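One structure, as structure tokens, below. Some questions next.
Naming follows writing order (A, B, C and D), and every chain is counted from residue 1.
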Amino acid sequence: MATPVTTESYGPTSKAATMAVFGLFLRELATRARILVLSSLGLLMVLLGLVARFSDDGEEIELTMLIALGLGIIAPIISLVMASATIGERRADQSLVYLWLRPIPFWTIAVGAGAAAITVAMPIVLVSLGLSVLVSGEYQLFVPALIAGFLAVVGYTGIFLPLGALLKRSFLVGLGYILIWESLLSQLGNFFEQLSILSYSASIVVNATDVVTSSGGRSTPSSTVIPPLVLLGGIAITVRFLNRREID
Amino acid sequence: MTAVIEATNVAKGWGSTHVLTDLTFSVGTGLTGLLGSNGAGKTTLIKMVLGLHDRDQGNLLVLGTDPEEAGPELRMRIGFAPEHHHLPEDVNAADLVRHIAELHGIPKQIATERASDMLWEVGLGEERFRPIGTMSTGQRQRVKLAQAIAHDPSLVVLDEPTDGLDPVQRDEMLGLIRRIGSEFGIDMLLSSHRLVEVEQVCDNVVIIGDGIVKRSGALSDLSGADLGYIVSVDDKSDELAAQLRTAGYDVNITIDGDVLVNGDQAALAVRNVVATLGVGIRRFETRRVTLEDVYLAEASETGAA
Amino acid sequence: MSQAIIHDQGYRRFEGERRGVAASMWSLVVHAIQRALGIKRQFRSKVMPLIVFAIVYLTAVIFVGLAFFLKSFDIGDAGFSYGDFASTSGFAVLLFIAFAAPEVICTDRKSGMLSLYLASPLTRTTYLAAKALGVFLILLTVTLGPQLVLLFGYTMAGTGPGGVDKFIEAFVRAVLAGSVGALMPTALSIGISSVTPKRAFASAGIAVGLLASNGVIHGLTSSEGADIDARLGVLNLFYVPIELAVRILGERNDVAPWNELATGWLVLANAVWTLIFGAMAWFAYQRVSVDR
Amino acid sequence: MTDLIPPTGEPVTVPMVQFEGVSKFFGELVAVSDVTFTIGEGVTALLGPNGAGKSTVLRMLTGQAKPSKGSVRIFGFDPRQDRRVPRMIGVAPQQEQLFETQTAYEFVHLAAVLQGLDDPEAATNKALDLVELDIDRTRPLSTYSKGMRQRVKLAQAIVHDPWIVVLDEPLTGLDPRQRLSMIGLLQRLGDSGRCVVVSSHILDEVERMGSQVLVIAKGRLAAEGNFHEIRELMNDRPHEIEIRSDKPRRLAVGFLDSGLVHSVRLHDSSVIVETNDVVKFARTIAPQAIAIDASVDAVVPLNDDLESVFRYLVGQ
């Protein structure tokens, strides 16, 4: 005869669950091939620092490249590759069930995945932005570039984490978002610009210089606060997804 | 009669692992079942037959040619259906089968005709212009079979052709395979985990394990030997066993509680004892060696899983 | 009334002669082209090739139309030369480069077709060669096709090469230039596509790779005040084939680094890149496992 | 029925698995229609043709899918709402994909950690031993064959010793020996009071498990219970029994006279009878044969196996 089941039996602590999910995704993301390919993208950024070094308008050139390539392409693409490869990839290959069917709150899955994506994306982005500035010799941009890169990764992860969970073709949609929405629509005017992560991260570097550009235009406080809020929102949407959607 | 596949001392390994150490067998015409535990090297053998892996040593002749030396020419005359169910989702069945037939040297128009013919043969006539992505597992298995036979091969290799099918679909598939093998006169090598299935359709079997051929030959030679009678009664099987034993018969009781009797005139004795006990006979028949007995005996000899 | 017959509907053997391996390869080439152009597939798959065709052929037709209207115009002065066209259509061609090879290569690995192909008379090498030829021919439709439209159009409009021998020379140049424009990109896109079964990743890799190398090298070599060797231009994966095509058409881009880069370097760059990416694909495909 | 102890208060008796009027629609398509059943301890096989709704039923049981109508309860809890349910069930889904970069040990260990086990290492080793997977700790799951994956899936499903084990097609891809040991393991789980729900197509093996069955056909519940008992209930479908003998003709006459048989078919050395009262008939065979001095060389029921029952129930 079976012994009774008690309703007290429950899962791990939320901290243990988050750490376990984080560890899983960290290892899945940090493959050598992925890091090499993405680092080579970062290497471009560093090479462009050389261009700035040999130019007369070093600061302006480095600033433009930081914004157009570093914050506009490299940071979002690396964040996209990482964030959409967590829950999204697991949903696509139907192995998400091995996390979903555990006695853990859904937020631990979303937070663990987001943290892993940020942990892998951040060093690549920060190193390439930082090295680029050092190579260019425009040292006054060093700290703002790092802060901007940090905020960019945080903000984009907030967008691409739920995107990966919600959409099947998240990589292509994400690429379209980066190349079309962020790069083009955000130049349509102040209103649209507020809706792009790039305007906030760019403002950090722009506000740190005297250069007048078309990018940026957000205040430093709002630029610091909005990307983390986007991340929180993204995690909330991901949790909602895990709660509502059916899992294969 | 020439052998369809003839292997002599074939060995194959990767690095330090020896998957096949010494394989010698000969496969005649008809349907041949290829059996072996997971990891025994069935897939490796199939790939060598197709000329996709080079062997480390030994001789292998498929349809009279060495697959290592004339792979492309040989594969022209072989049909193959892989184990996996992945097929291009957005291609329709007729296009896929025609394409594969064309690759095997059939001129375009004839390939188109034959693709249509074969899809009717496997029961997908009306679905032949549907994208494969909209098809069920059972239908995909049939598409796989159709593409393997559309180019009129001399040998067809089927890897787990009934995987994922429900009992009704499975019987239909086995019927098809049997028909293609006998009526169409195409020799077949069929790898399967379902011994019952192999017993149902195959003429010959090859059992591999531990890198060698454990048993091979005609199915009728390997199995079918008489082991006495097996009786299942609705009550008092212990008493039945006891009385038969007293009468001098060799009696065993199976794990299912059935009585296994062996000896002279056993059937008569069973009839009489059952009548005396007044119990009902659920089942009573000769117990023959099944393919499962043969297979499990080979597997347990080595204890390998 | 004829005699009644019940025909045997049983299995028919194929008694004819089988075609050889070359024919098998050719049917794979045709299949690849059909697949990339969306032939025999839903409308969704046709959108991308249609857009690219529309861009390049419409442009060519407009050039020709203008030539008809302005009888006296000099195509070179007006910026409507063959070389100009090769340069400006580069970005439309890029769309095709990033799309065609992943479509015909990556999908086979994901959809399990590769295991069927390798069980056919094809080998890993002949499979890859057939696919490469397919991609090359697809790219020719946008690198060579419009050039021929221009050539015939201009000739009919009276602004083309004068005389039969000049026409033949222009024709040969167009064919050579179109082939050069398609060759290195074929190798590059197949090389990159051979490392991943994911079509989106391959497409993104090709597009980002081409655009980024163009951006960086262009930025480096054209920035004022910077003293950078023009030979760095050979690293511009996007423009190396285009510039060579332009030169075969008898023209030359007059901007850095191309104005200072010798044609020999361009030929070498095209050859070396083609070999590198070709080898990359070949090695990847010798190793790819076909469990699917 | 199993007792459930709430944190405070008296134990209550609840069914382990309960479906009440459950339907599932995908748009216009009805996958499962108004299904009601309970499942208790022991092995229960979920049978049905492909596409009949088996996987949908299992996915609603585990909470992965939401019923469009009706309610699913696991020990009285709603598996879509209550995150305690995953602690009580272990699931081996049909799909083959695992976390491919992990090793089998890491994969099962992660399951143990996420279940909140006190000693995940010991639980992992025990589960891997139970499924007889000799693991190579350095080998990633991406290199695993179908049969090995099946065993890894089972290991992660039982690592926390759950009350309910749900397995979707656990026998496919296993070789005959592995199948036997898997069946043995499931039977032991069932005998120890666990509720084991298995969907399978391999009916002769399911029959060997001697389990309860739940037959789903066309989205509806076609039958439930022990399959021999289900067979007995199918009165409109007579049992066919073949009796081999040296005097089949005279036996046939005797059987017809007994009134238990309503048709016989004669062959050279056998007679096939149709009867509705198989229990009574079984007792008359031997005495009848003795009365006319006929031999009984074999008695074989022709449509009593699970496969025949299944075909009849699913109407094919």
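In this section, a contact is a pair of C-beta atoms (placed from the backbone, for glycine too) under 8 Å apart; a residue touches a chain by one contact, two chains touch by 3 or more.
The model shown is predicted, which means the values in this text are computed figures rather than measured ones.
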Return the chains common to the contact lists of chain B and chain D.
none
Could you find the chain whose CA centre sits the greatest distance from that of chain B?
A
Between A-D and A-C, the pair joined by more C-beta contacts:
A-D
On a C-alpha centroid basis, what's the spacing between chain A and chain C, in Å?
35
Centre-of-Cα separation between chain D and chain C, whole angstrom:
56
Could you state the distance in Å from the CA-based centre of chain A to that of chain D?
47
Distance between chain centroids, defined by C-alpha means - chain A, chain B (Å)
52
How are the chains arranged in terms of who touches whom: line, ring, star, complete or other?
ring
Can you name every chain pair that touches?
A-C, A-D, B-C, B-D
In the complex, chain C residues that touch chain B:
10-14, 16, 18-21, 23-24, 27-28, 31, 40-42, 45, 107, 110-113, 115-123, 126, 290-292
Enumerate the contact residues on chain A facing chain C in the complex.
37, 41, 44, 47-48, 50-51, 54-56, 61, 65, 69, 73, 77, 169, 171-172, 175
For chain C, which residues are in contact with chain A within the complex?
198, 200-201, 204-205, 208, 212, 215-216, 219-220, 223-228
Chain C contact footprint on chain B (complex, rising order):
50, 52, 71-73, 75-76, 78, 80, 82, 84-92, 95, 99-100, 102-108, 110, 114, 117, 121, 147, 151-152, 180, 183-184
Using the touch definition from the top, list the residues of chain D that touch chain B in their complex.
48-51, 132, 134, 145-148, 169, 172-181, 201-204, 279-283, 285-287, 289-290, 295-301, 307, 310-311, 314, 316
